[in-house]
Structure formats: structure tokens, C-alpha cells
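Listed after this line are the structures, all set down as C-alpha cells.
Each of the next two complexes has chain A plus one other chain: chain B in the first, chain C in the second.
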Partner chain A sequence: MMTFPGTNGDPTRDLTQESAGPPIEVEALRLRPLPVVVRDTSDVPPKRFAVVTHFSSLEEKPSRTATVEDIYPRLMEEASVLRTAIALLGEAEQRADAAVAAIGDDDLVAADIELQHLQAVLPELFCCRSLGDGFGSIVNGIQIAFANQRGLLFNSEQVGAIARAVRRLQHEPFLSIDQAVDIVAALEDVDIIVEPPGLGELADLGNEQSLS
Partner chain B sequence: MSKAFLDTTILTDLLLKPGPSATAAKAAVARFTTTQLPVYAIREFKGGPLANFVWFHNKVVQTSYEDALASLQALSRTLRRYMTSTAIEALRFCAFSTQRERLGELTSRYGEKAQMTSVLRDQYRLALKTAILKAWKKRRSVAAEVVEPLACYREVEPKQVKDLLDLKPTKCFPERECCLAVRMRASIDQLQKLKEATDAQAPNNERIRRSRALGHFLRVPKRPVSESLCRDLGDAMFAFLAPADATILTTNLKDHGPLAEALGKRAEKP
Partner chain C sequence: MPDTETLPSGGGRLSLGDFKLERVVFEVRYPRAALFWDRAGALWNEASRLWPGLELMHGEPAKTAFRIGDEFQVAMELEASRLFSFWPEKGLERFEDMSKTLVELTSGVLEIKSFSRVGLRFFYFMEFPDRDSATAALTSAGLTRVPPGRHFGSEGPPVSFECCYRWEVKAIGVRVWVGYQFREYKFEKPPEIKVPKLEKSLETFQYHGILFDIDFYTNAPVDVGQLGVHDWIQQHLHELRRDADSFLGG
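Moving on to the complex of A and B:
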């Protein structure tokens, strides 16, 4: 038997038109056809009320229990990506700091070795770009910066800027693209080129009149 | 005290062309005691160079990177603005190109996100998006002051619509006519000189448009000045708006030089 206590027995009564009242209890029976009322409420603002469902004759037990992964597969995937990203960023940060220290000691070979290790984690970090465009933009900018260097060593100021960018990303992996733009601009301020070669040529492609 | 009046080419070099072009522009700007950027340059920058970046960004979003490059080559041929093969090749550059093996290894863990086509596409999409938003954000900081505001132009920031970027509006919206019309009517003799200087140069599309716009205005100066007429004046507007004691800083000395000279002003390359 199905009752709609909150509707005074009238299942067609439009609850969305009424103010929030006490919790509505819906008693449902398994394997018995239920009356279905379809109502278009797309233009009706939603009201908040609690719905409690009781299964009074539960004869069957669930065959298996759903895991969090079953219910939120995307969430779990993102959590795994986040864990990987944070671990890789930690490694990148250590490498960057070690490179700064090595440059301070005038040990350029040691500094370059640290930066080589930092560069090596970037492809995997870029695979974590589902964390957001802000994250992706910074990793991409650093990655392109390395490629633009063509093996030449960054100076201490530049390595410091990269270390700061990595640190910020580790603390705020979900930062917005707007925040990321400021960080990329800070890299540019120390003469790091964060854009792929040839991109600037696009600017000369045409002007307002020729494109319109 | 020396004063530079920056044109659109310098703004573009500073904001969208990292490397030698930006370095030269920065050095040139640093030579002057003070610098001014007219809003007219921001308007031209948004409707031209920045719009090209947005066009390519949206192509990359909607197609593969290879298809976007093919569109770029086709457009470059249509506009007769041939990008050099070196430039196109440079755009094929990929920071991952030396790490393909590493990507192969990552594919088993990250799936599509580690596949070359996806990586390349996102690499350029993000580089373009960052460049566009960064350029817009920094536009007013390239000069000591932004001058000559345009009452009929609104500096609306780029918007993201789904995954695409939208720059509109890029044009002015004059109520009755261009906000510079009154000043133009008060300086008919200067506009006459600008037309003579334009006509003295070998014609190209841009100069033909400028000469036609100036001619139209000089014939019927009382007629409302439209948005398109103001836009077609292009480089002539910089010579017209630049203070008498300023040097117009441009990479396009060929056009700006004669125009500035016609009004007794100076233009200089970085």
C-alpha cells in the first residue's frame, strides 16, 4: 500500500506550490506497481522538504554493497590524480629548491642535474591536467620554458621563479586560470619564455578588416 | 623629457611576441622618460592580433591540432599574409617531442590524457588561452599612462563560452557618431595633410581604405563619422592623436613615418 501522508491522501496534489511542511513519508512496496504522476514543474521554483522512504516488506537482501568508487567513480579518479599530482609537485619543488641551492654554491652541474629531474616529472604532471586549466597552464608553461631553453641552464632568478610556481601549485592545485595567468606572467617577468615558438606569428596573420 | 606614444605594433610585440620582438620593444620603451598608450591601440589590438589568437585557440578546441594547423595555412593563403614555412614548422614544435617514449609509458596509467594527440592539443590550447588572458590583463601596464579614452569603446574582457573564448565586443558603439568626430572637424587641415601623405605612398589595401576614409570625411565633414570610418583611419589616427612633443613608437615605420612627418611629428622604430 502506498500512502502520501504529506498530501492528505491526494497523490496528485502539487507540493511544489505549498510552503515547506513536516517531512513527507513515502511508503513503498516492492514488486507492486506504483501510481506514477508525471507533472511538468520546470517553471515552478523548487521547495525544500525532506523525503523519507520506508520499504515495509523488504524480502530480498542486496546482492552486493556499492562502494564509494561505484557511486562516485569520477571523484575517486580525481582523488587519485590529485594524490599523484601532489606527490610529483613535492618532488619538483625539492628539485627546484636543490637547484637554487646548487646555483648559490656555483655548482652548475649539480643545479642542471636537479633541473633535469624536475623536467622529467613534467610530462606526468601534465597528464594530471584534469585538475583544471589553471593547473594545466602552469605545468604547460614550465614545460615549454624548458623546451625553449634547449638545454641551457636557467639562471638563479629564473629557477627561483619556477620553484615559487611549483610551490604555489602544490598548495593550490585547483587554482583558477586567472590566478595561473599571474603566475605564468611572473615567470615571464624573469625572461622565461613560456610560449611555444611561432605562436607570436599569429599576431601578424591579419587585421580586423581582413578577418571580418 | 622624452615621451613615447605607443602604437598597436609595439603593444603586440610586448604582449604577444615573447623573445627578440618583446625584448626590442621593451628596450625601446625604456629609452623614453615616459610612455603613453592610446585606447585606440587597445581597440586595434583586440580586434586584430588578439582576435587571431582567439581564432586559433577556438580552432584547436574544436578540431585536432593538425586540423587547426591546416586551417591556419589555408587562412594565411587566403589573406595573402603568408606565414613563413619556418613559422608553421615552429608551430609544429612540441615540448613532448623528445619524450614520446615516456608518453607511451604513461598512456597505460593515464589513458587518453597521455596520448600524443590529446597532449599536443591541450598543450597549444592552454598556451593560447594563457597568452590571450595574460595579454589582456597586462595591456594597460605596458605604458606609464593610458591616454585618449574613447567614449564609444568599452574594454570588455574576453569571456569563456563553453570551452571557446569570445572577444566581443571588438568594435566601438557610437551613439550618434564617433567620439573623435568633433576633434576631427576642428582639425580639417591636419586630416588633409594626412590624406596627402597617404596618397603619396604606394597603394595597398590598408592605405586605400585610409585614403578613402579621409577623402570621405573631407568631402562631407558635417556628416556623422561612423565606426567603420574611424577604424579605417588606422595608422593616421596615431599621428593625429599623438602629442606634439611625443615620438610615435612603432615597428611599422613605413606607414607611420610619412604620416607623423606630415603633421610635424616623429615616429621611431625600436
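Moving on to the complex of A and C:
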């Protein structure tokens, strides 16, 4: 017979629950070859109650989503890739928002200056791609988009899409490649070209060769 | 039974270096994922591909658990997924890799966008020859003040000790439990089985010691793309190693 104290024999019991008292031991999980009976000082017999009462030493939990700064306080205090990325994304977001505002005011020169500043941040942001493949692919996509513009100004809608992508990265720097694909697709939806220049010709060449 | 002569006698200061890291648990909780009922098979099929040697421990509609050798156990449920590592290596490299995979599997297959709680829990144990020496070590560590004199009809040194602290700052919390723990393991041999080296039908092992249990957690929802498993684990491992000795009075 194998028993798990306080778990009513359940090895999947929530070991990290916030229960008062000593934690439950699961040493028996490691000792399978022979029947094992485990007992510790936290033996709590299962009971049935008509009324469930909950006591806690904590107040209600906050419901708002955490920020990156909240979750990684130590990394945000010291020189880390995450801290650098968040700072650069903040600057990029600010530049993108300023560019949208300038386009709204018909001040295309000011918009162009803001976007040039944004573009200048991108190579350093790309150096933070160790945060994840999703991060790298979005920053890379925006970099390529600038290259494909060949100096022409994005329109307001396109700059807005870039700003949204940057904001999303700032909120979720560790997003997965699947999530990144959705964000890059949103850029393409407003006619931003995120494929590297020459890739289309290369694909056509490949198709021609395979046909011949 | 352990060689009690090599165990600490109880008067000294506590230091994390004297404890053994027995177990680490990484956990993500999420709002009830009804897709778990549809996709438990697909989930474990993919897990088997990523973690060869997976053995079923427990399977029922809302709870499944597997083990990988003696080192890891994985449990996936309707509202939480957990990875247990037993006697992990110092840098937690494999544990980190597997935790990352667990997050990707859970969020990908169950289509989870946000975790309601992310937890990282360490269990350290330090063995003592008996309860008195373990309790003496704990009371002399200065974690709380033991008031002198007679209380509740009793006096003298306490026969056991345990305490729990919790801090929460912004979205991060930490709960620390330190206390005496008695452990008893009984190996009971079924009468129909003959094990040459097992002379008695019932072998009992008893241990006394101090458990240092520290649980780091988030107390606000965390979006999947916010969770960098490597950074999350290393951040708390660093804090644990930096602060444990001063907390324990060592």
C-alpha cells in the first residue's frame, strides 16, 4: 500500500498551495519498487464538512496583470538584457507615438525625424533577441520593414501598427514565435513589407528551376 | 539509519550550505482549462516526444502525472501544471529547460494566454540526530523570540519549533516556512514476495531535521509572453542564495 499523508493518496496534490502548517512530503513517490507507507508530522486525516470556511493571512489578490518591472525587480535594477530591452522599447514606443501625432498634424518632417530615431534603436534592440525567438522575429520584421521603405515615410496606420507591435513587446518580451507570427501578420495587414528585399526574387528563381 | 555522530548537535548557527536541496517545484496555475479534457492525450503525446522515458503515475480526467526516472515528476491538471525535480543539480539547468518546455506545452496545447500564478518552491532539509537538537538549533537561530518563564502551563525549552513568514511586494510574493520535521519511511514487504536482502517484513527509517521551505510566487496574473522561465528562476535562485544565511541567522 502506498499512502501520501494529507493527500488522501493523491500524488498530484497541489504541493505549492498556500496552506498553513508544515508542507506535505512526497518521498514515497521516489520509492516505488516496494510498498511504502509514509508518515510525517503533518498528518491531516481527510474529513467531510457541511460548511467550507476559508481563513487566510492574506488580503484579496490584485487582479491587474503584472508588469515586467513587477515580475523581475532584480533584473530591472541591474545591467541585464531585459532591462536594456525594456528601456529601448520605451524609447521606440515614444518615437512611434510622436510620429503618429506628427502625421496627424501634417508635419511630415517631424514624423520622419521621429521614425529615423526609432529606426536607430532597432539594431540595439535586435541584440536583445536572447530574450526569445518571438522577440527577435518582431524586431527583425520591423527592421526589414524600414529597409523595404527605402526612405519613404510610413503612413499613419502603418506607424500605429508598429507602435502596437512595440507596445506588445514591451508588455510581453518573452512571447513565443507563434505569438510573434500574429503580430508580424498584423503589420502585413497594413501593407508593411516584412520580407527581406530580394527574397521574393529568390523564391521565384527556385520555382523556375524546380519547374524546368 | 543515519550515522548520528556526523550530524550537527544543535548549538551552532544555521547556514544554507548545511542544508541539502531535496526538491524544487515549478508551477503555473491558470483559470480552468476545459481544453484539458479534450487534449490530455495530445499533451502527453507531445510531452513523451520531448521527454523520452516518461512513465505514467496517475491518470484521471482532471489530473495526470508522469515521472522521468527518479529525477523528475510532471503533473498537469485542469487548473495547474507542475514540475518536480528531486536532488537537482546546483545550477538547476535541466530543471530550467524542462520548466520552459512545460510552459510552452501548457500554454500552446491548452491555449492559455495568462497564468494566474507562477510559483517556484525550494525544499531544503538538514538532518539532526534527534528532535531536541533540531529544535535547539532552530530556537537559537533567532527567527523568533521565545519568551522566558512559564506559559500555558508549560515551561522550559520548547520541544518543537516552526515559523512562517510571508512578504509581498507589487506582483511578487515569498513565503518561508522553517521548522522541525520528523520523517518516517516504512517499507512493507508483501508476504508472497521473497527479497533475499530484506530480512524483515517491515523496515522503518526515521529522520529528524529542519525543513527550510521557501516559495516564490506571483500574486497577479502574468501573461504567457511575460514569463521568461530562465530569468524568473535565476532571479529567485540568486535571491535565495544571497539572503538565506542572513535570514537563518548564519
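Convention: the second predicted complex is superposed on the first by the 121 of 212 C-alpha atoms of A that agree within 3 Å, B and C clash if a C-alpha of one lies under 4 Å from a C-alpha of the other, contacts with A are read in each partner's own complex, and residues count from 1 in each chain.
The definition used in the following text is that contacts are C-beta pairs under 8 Å (C-beta built on N, C-alpha and C of every residue); 3 or more make two chains touch, one makes a residue touch a chain.
Please read all numbers here as calculations on a predicted model, not as lab measurements.
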item	value
First (chain B), second (chain C), both or neither touched by A:Gly132	second
Residue contacts on chain A - larger count, chain B or chain C	C
Which superposed partner A:Glu124 touches (first chain B, second chain C, both, neither)	first
Touching partner for A:Gln143 - first (chain B), second (chain C), both, neither	first
First (chain B), second (chain C), both or neither touched by A:Leu152	neither
Partner chain(s) touched by A:Val109 [first = chain B, second = chain C, both, neither]	neither
Which of chain B and chain C A:Leu175 touches, first, second, both or neither	second
Touched partner set for A:Ile193, first chain B, second chain C, both or neither	first
Chain B and chain C contact sites that coincide on chain A, given as residue numbers	178
Residue ranges of chain C touching chain A (in the complex, touch as defined)	25, 27, 57-58, 63-65, 67, 70, 73, 75, 77, 80, 82, 84, 86, 104, 107-108, 114, 119, 121, 123, 162, 164, 166, 168-172, 175, 177, 179-190, 195, 198, 211, 213, 215, 217-228, 231-232, 235, 238-239
In the complex, chain B residues that touch chain A	12, 16-19, 21, 44, 47-49, 51-53, 55-56, 72, 75-76, 79, 81, 83-84, 86-91, 93, 95-96, 99, 102-103, 106, 109-110, 113-114, 119, 122-124, 126-131, 133-134, 137-138, 170, 205-206, 209, 231-232
Touching residues on chain A, where the partner in the complex is chain C	1, 10-12, 14-16, 18, 20, 22-23, 25-31, 34-41, 57-58, 61-75, 80, 82, 131-132, 134, 168, 171-176, 178-179
Contacting residues of chain A [partner chain B, same complex]	120, 123-124, 126-130, 133, 136-137, 140-141, 143-144, 146-147, 177-178, 180-182, 184-185, 188, 193-211
